[in-house]
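Labels A, B, C, D and E are assigned to the chains in the order they are written; within every chain, residues are numbered from 1.
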Amino acid sequence: MARFLKKRDQETGRSPGSLIFVGQQKTDTPRLRLIDYDQEMLKDDFIDSLDTLSACTDSQSTSWLNIDGLHVPDLMSQVGNLFDLSSLILEDIVNTGQRPKLEEFPDALFVTLKMLSLDEELGRINAEQLSAVLTGNCLITFQEKPGDVFDPVRERLRRQSGRLRRLGADYLLYTLLDCVFENYLKVVEILGERIEEFDEEVLGNPTPDLLEEINLYRREMAYIRKAVRPAREIILKLAKTENEIITPQIAPFIRDLHDMAEQVVDAVDIYREMLNDHLNSYNMAVTNRLNDVMKFLTVFATIFIPLSFLAGVYGMNFEIMPELHYRNGYFILLGIMGTVAAVMLAYFKKRKWI
Amino acid sequence: MARFLKKRDQETGRSPGSLIFVGQQKTDTPRLRLIDYDQEMLKDDFIDSLDTLSACTDSQSTSWLNIDGLHVPDLMSQVGNLFDLSSLILEDIVNTGQRPKLEEFPDALFVTLKMLSLDEELGRINAEQLSAVLTGNCLITFQEKPGDVFDPVRERLRRQSGRLRRLGADYLLYTLLDCVFENYLKVVEILGERIEEFDEEVLGNPTPDLLEEINLYRREMAYIRKAVRPAREIILKLAKTENEIITPQIAPFIRDLHDMAEQVVDAVDIYREMLNDHLNSYNMAVTNRLNDVMKFLTVFATIFIPLSFLAGVYGMNFEIMPELHYRNGYFILLGIMGTVAAVMLAYFKKRKWI
Amino acid sequence: MARFLKKRDQETGRSPGSLIFVGQQKTDTPRLRLIDYDQEMLKDDFIDSLDTLSACTDSQSTSWLNIDGLHVPDLMSQVGNLFDLSSLILEDIVNTGQRPKLEEFPDALFVTLKMLSLDEELGRINAEQLSAVLTGNCLITFQEKPGDVFDPVRERLRRQSGRLRRLGADYLLYTLLDCVFENYLKVVEILGERIEEFDEEVLGNPTPDLLEEINLYRREMAYIRKAVRPAREIILKLAKTENEIITPQIAPFIRDLHDMAEQVVDAVDIYREMLNDHLNSYNMAVTNRLNDVMKFLTVFATIFIPLSFLAGVYGMNFEIMPELHYRNGYFILLGIMGTVAAVMLAYFKKRKWI
Amino acid sequence: MARFLKKRDQETGRSPGSLIFVGQQKTDTPRLRLIDYDQEMLKDDFIDSLDTLSACTDSQSTSWLNIDGLHVPDLMSQVGNLFDLSSLILEDIVNTGQRPKLEEFPDALFVTLKMLSLDEELGRINAEQLSAVLTGNCLITFQEKPGDVFDPVRERLRRQSGRLRRLGADYLLYTLLDCVFENYLKVVEILGERIEEFDEEVLGNPTPDLLEEINLYRREMAYIRKAVRPAREIILKLAKTENEIITPQIAPFIRDLHDMAEQVVDAVDIYREMLNDHLNSYNMAVTNRLNDVMKFLTVFATIFIPLSFLAGVYGMNFEIMPELHYRNGYFILLGIMGTVAAVMLAYFKKRKWI
Amino acid sequence: MARFLKKRDQETGRSPGSLIFVGQQKTDTPRLRLIDYDQEMLKDDFIDSLDTLSACTDSQSTSWLNIDGLHVPDLMSQVGNLFDLSSLILEDIVNTGQRPKLEEFPDALFVTLKMLSLDEELGRINAEQLSAVLTGNCLITFQEKPGDVFDPVRERLRRQSGRLRRLGADYLLYTLLDCVFENYLKVVEILGERIEEFDEEVLGNPTPDLLEEINLYRREMAYIRKAVRPAREIILKLAKTENEIITPQIAPFIRDLHDMAEQVVDAVDIYREMLNDHLNSYNMAVTNRLNDVMKFLTVFATIFIPLSFLAGVYGMNFEIMPELHYRNGYFILLGIMGTVAAVMLAYFKKRKWI
């Protein structure tokens, strides 16, 4: 299946805003988890229906609703109604092939980007789409399946003294984005460490397996880049936003995030270049190795050519061939042959051909 | 025939605005279809003459006039007169080699771009020029031949409840552009799925057919890119327009379209890069394969060289060659030959040459 | 002679504004042609001296003075005085190695760019410099030699009803620029049609002649690009000018010209890329072809190696070699040889080496 | 260990602003050195605790506190409290994998960048992170370990008459940055001198050692580039700052610094290109050298082929072979062989194959 | 010695503004030449001390002080004091590795750039640094050694009627810059003419000498580019300056200069690309040539292989080999050998292998 462009439904021209899930279904039943907190209290529940949520937007506490599983249209449209999300946003959420982007509305902010994880066995990067809607003191996040990189955030939420409990939903959004970017760095770093090792292997031991690995890493780097570059644009846009939903005290954190985004993109670019260099070095190493073999064999063969010729000459059946009747003819010839071989060897040595 | 630059009429310097059709005639008689609708009613007719149209601009309903076939100058100038189109626009419409572009006028908007379709048999992309003029509550579209990707739109028009019936001609234009871009995505995706498969074939089974296929896809990707990049510019321009003909409620849809345009261009670029990688990998695979053959054959030949030399030596006719008279001379020599071959084989094995 | 940078006079440091002709003299005597027209009348004369021109700037009619041949300093300075052109402009006009550019003055506009023509025999592009000064209702054009692409314009001037007769000198300038760009498109298209054909030839029949042709086209495309890219900048500048000498009614035409300029530059870039691809494909095709030959020959030689060895063995002169005395020894050996050859052939076939 | 992306702590999602040292610990105990000066006096002490510092911000003199060693969280947070640094800045200081950047605050300026040094033995560039906080008349600098390029600055501080003593902490910051950039230039220059030498070696004596050296230099240049490009951005930002902490009299010095930054980046880019050229030349030289060997050997072998064939013919045992019984048959044949060899040699010479 | 980055003094961290000469000393004693002129008079003297200069800034005439030789710190600081130049400017003047740049001051303008000259014997470009300070009606120029491209300017100064005598020191500066850029064009053109010739040589006669020449030209083009690109930026900055020291009447001349700068940079880029193409073509030509040789030799060898095998067969010593006793066995075999050779030759001819 194409990884770089997700399959859309084949029927072009459907009404924009139709909630048809695009992607692989990765979980059975959607799971909803509501964390409601302010500096005083923290409630953390898995909820079954959205009915209990109605109070959420009214209260003064900050609410974080996380939904794992996007393939149930009913649920999605319910969420849409509850939080007054436009149909276009809902469509972007359920289409897991969506390009990372940020959209601003007068009283809401919509972000969608990819979370990357490394399947260590296959050495492949998996991407899961994370969408987040920030509206008032509510943050709603959408993931394709349970399991994410946000456990440390939940841990920190439990600590009453932390900044996270003090500041609002915009800081929570920042914290989640920070996690996502930290994770980008981690994934790139794990690949990068291996990539930097290639340097020596490529010159010392260029096996076809190594070549395949290099190509794999190049593909994965291209895949990461596809997720990371638009994510950087998002942060840039976020840093420039004048939307009041982002309070001024968040600004320095966003700037920090932007540095991290630059760093990820820089690193990806450097590693891509490095992999291209490795590919070239690999080619060169393989060619040189083959050339050495061919040169050796050719030199070896060349030494025997005049010797075989001499043997051929004295294998001729002419009636009159005086050398054949010399007493030591045979031994003299063997001596000549040895001398020719030695001279040739010396010459090749001198020319550094062997 | 050149696909990447359409043949103009040879006579340079003709008056700008002359309505001479440039391109291949793809249909016999132009076909006109007028869909007239508002929230209450829908009329959908194939019409023969433009006379019935005069009422169109006056009524409050939204009208969509679609014209298939651009090669009849009379018809085109009639349309031009009726809707008050400048001669330059008409010229752009009939020149099917026109670069995709958007032009704004105080009370009208002119868009021309390419619809792509995949000729599955030839594996070639075909491009058909779509031009659209949006003026008041009328949308006039021009296509080179009958058949398009807009059937779902017509279907949705028939449903009274849809947003399409509620909103005006600008939303209709958006819907058509949306179809065109969805179709870009679909075409790129179909090619992309095949391209991603190349990865393994190229290393496992690099046949000349595969090479040809890779080159075909590269050409087609270049062709798509030529259509898609200026189309993205159009959407960008449309998103920034301050023309009142585009009502503010359309803005979020245009933004959505812009994301899609970015995604298409991104995907095309990624696949182009991938194809270049495939080409390199193909070359490498072919070279490696050949090198393996040559190495094997050379090693094989090399083993026989000293053996043949020995045979040559004992084929000489010297009178005095003691070994020839040894009782087991022949068998000893055969043994020596076998030993030499075995030693060489072992040496080559150790050096990993075979 | 260097085509890509024209020879300047060797004496660096001459006074700026000296009227020394730079380039190859392409005509004997300069030829002056004055077309004077308004909606009512049209006068078209070859004139000998500039004296008759003095009335030109005063009258209400539009005047087009065309000068073929730039190498007579006296004439040039006369023209300069008559139309009040600065010495820098005159210098640019006579220096045929001038980079295409547009210069604006309060009451005048100066444009210089290249007209391209295809020498079909040599397959080479020739460039001729066209300079134009637009001042009031006068347009003065300068060409290196008689013969240009403007005959259709003159033809249209003769038709009283045309737009050309109605609008002023700025529209005339636009018309000429339009001709020049149409001609760019035509030249690129002629080359492009041939370039697109290379696709198949390169894989099917990669002869050295084809290689030379590809290289020729690459050089010519670079040459065209050198003329076309700054020409596009000119049009862009023209589209943005606020100079009153360009009347507002010309604006849409200039915009159209800009599209054409973009199209030419796009096409040149695409064809350059295509030629690079062809070059790579050519190399690959040649290499593959050679490799096939070498592989065939090597396989052929390899089959004879063990056979010759066997013949060598039984050509030895050992006293005791039992096989030599077998009744059917010779025929058995021939059989063995045939078997060895057949087995090897089968093995090579199986491995797809032949 | 990955050099191009420093290892972060594995636990994603930690609270931003946690002071966990990221990097290799390069010193045992942090060392604090306080230089306090104005035009009249200079105090230079290694201090043990930060308590003596409290007076620093109040006095009129300029203070420079340098801290070597970043791995003691307590010390860092003490410094943070004392100078009122935000936790984000402290985090950037202790994370030695930080991307070079400049951050402005109403009353402070934060800069972090890399100091490069050349490990002459390994031929590797080492990077040490330098962070500096400029706040009022205090400059606090943070380094990973003792030893830096600032000794000449300290020397100049001792001279009472110098500009350094006259101007404030912003000039001191400039002086330090100047040292860092001078040092960039020096490092690039040392590598560059060697790189320019490659030109001849690569064509004259392309050994594998040279190849490894070229690759080493490419890697190091990439490493330098990673430090230097964002450093240039810092200077650009500094030149544009409107922060009052940078007094106007520093502006021309910053501009000078910017020129130097441009020069470093230019030089790095030129040397990178040069190294790529060397790599290509190396490949070409190696290939040509091998090809010459192979051609020589092939020509050598080819000359013996017809001679061996002739010997083979006259080694046949046909009953009737008249030449065998010619008196001088053997000698005639030897003559023919010599002639054939001579003719072939002459032909190959003429074709310039040997 | 490194050409692309000049050696700085090793002591990093010296006070900015120290007047230590950086570069190769190219002359013995500095030479000062003062040209003082207005429309009426012209004085041109070599002067020994700077004392006579004091009157210069006061008088109404325009003064041009040229200093050849930058290595005497005393002289430089004297000049600095006399004309009130900041120490940073003086430092830039004596550092001949300075990047070309323009600096503006309220009442002065500082320009430094490279003059290029072609050492025709070595085929190498030499760069000499030219610095100029324009202050009031004085222009002071600094060169590394006597001898420059300004003799025509001095010549024109002698002519009373010229524009140069009429306009002020800013026009003089323009004239000198014009000379420098004319000279760039000339140098590029001389190299360019040779480069365009490579086209045919590379395909027709690819000798190692040609390769070395191509590489030499690439290096020189990189060297020119390093001088020319920042010089273009200078002119651009100069065209945009609002400094009153540049009088408005100079503006069109600066614009002209800018065109020339663009042209130089364009030409350098085109020639660089061309040289890269030549390098590729060279490689291809060499490879093709070698391949032809190898193919010929392999085909030649292949023809003898079956013939030698046949000779080997009939050299065997089996007791019973009927053919050996045929009357015409030998001649029949010779005939068969000839036939085999002819058939093979015909086959190879048909396949176009020879």
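Just so it is clear, contacts are C-beta pairs under 8 Å (C-beta built on N, C-alpha and C of every residue); 3 or more make two chains touch, one makes a residue touch a chain.
Chain identities (UniProt): A, B, C, D, E = Magnesium transport protein CorA.
These numbers were taken from a predicted model, which means no experiment stands behind them.
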Mutual neighbours - chains that touch subunit B and subunit C alike: none
Gap in Å, rounded to a whole number, between the CA centres of subunit D and subunit C: 43
Centre-to-centre distance between subunit E and subunit D (centres being mean Cα positions), rounded to whole Å: 26
Shared-contact residues (touching 2 or more other chains) in subunit D: 294, 298, 301, 308, 312, 315-317, 321
Arrangement of touching chains [line / ring / star / complete / other]: ring
Sequence of touching chains round the ring, subunit A onward through subunit D: A, D, E, C, B
Subunit B contact footprint on subunit A (complex, rising order): 1-5, 7-8, 10-17, 86, 88, 92, 98-99, 101, 103, 208, 211-212, 215, 218-219, 222, 226, 230, 279, 283, 286, 290, 293-294, 297-298, 300-301, 304, 307-308, 311-312, 314-317, 321, 323-330, 333-334
Residue ranges of subunit B in contact with subunit A within the complex: 149-153, 155-156, 162-164, 175, 178-179, 182-183, 185-186, 188-189, 192-193, 196, 199, 203, 252-253, 255-256, 259, 262-263, 266-267, 270-271, 273-274, 277, 280-281, 284, 288, 291, 294-295, 298-299, 301-302, 305-306, 308-309, 312-313, 315-321, 351, 353
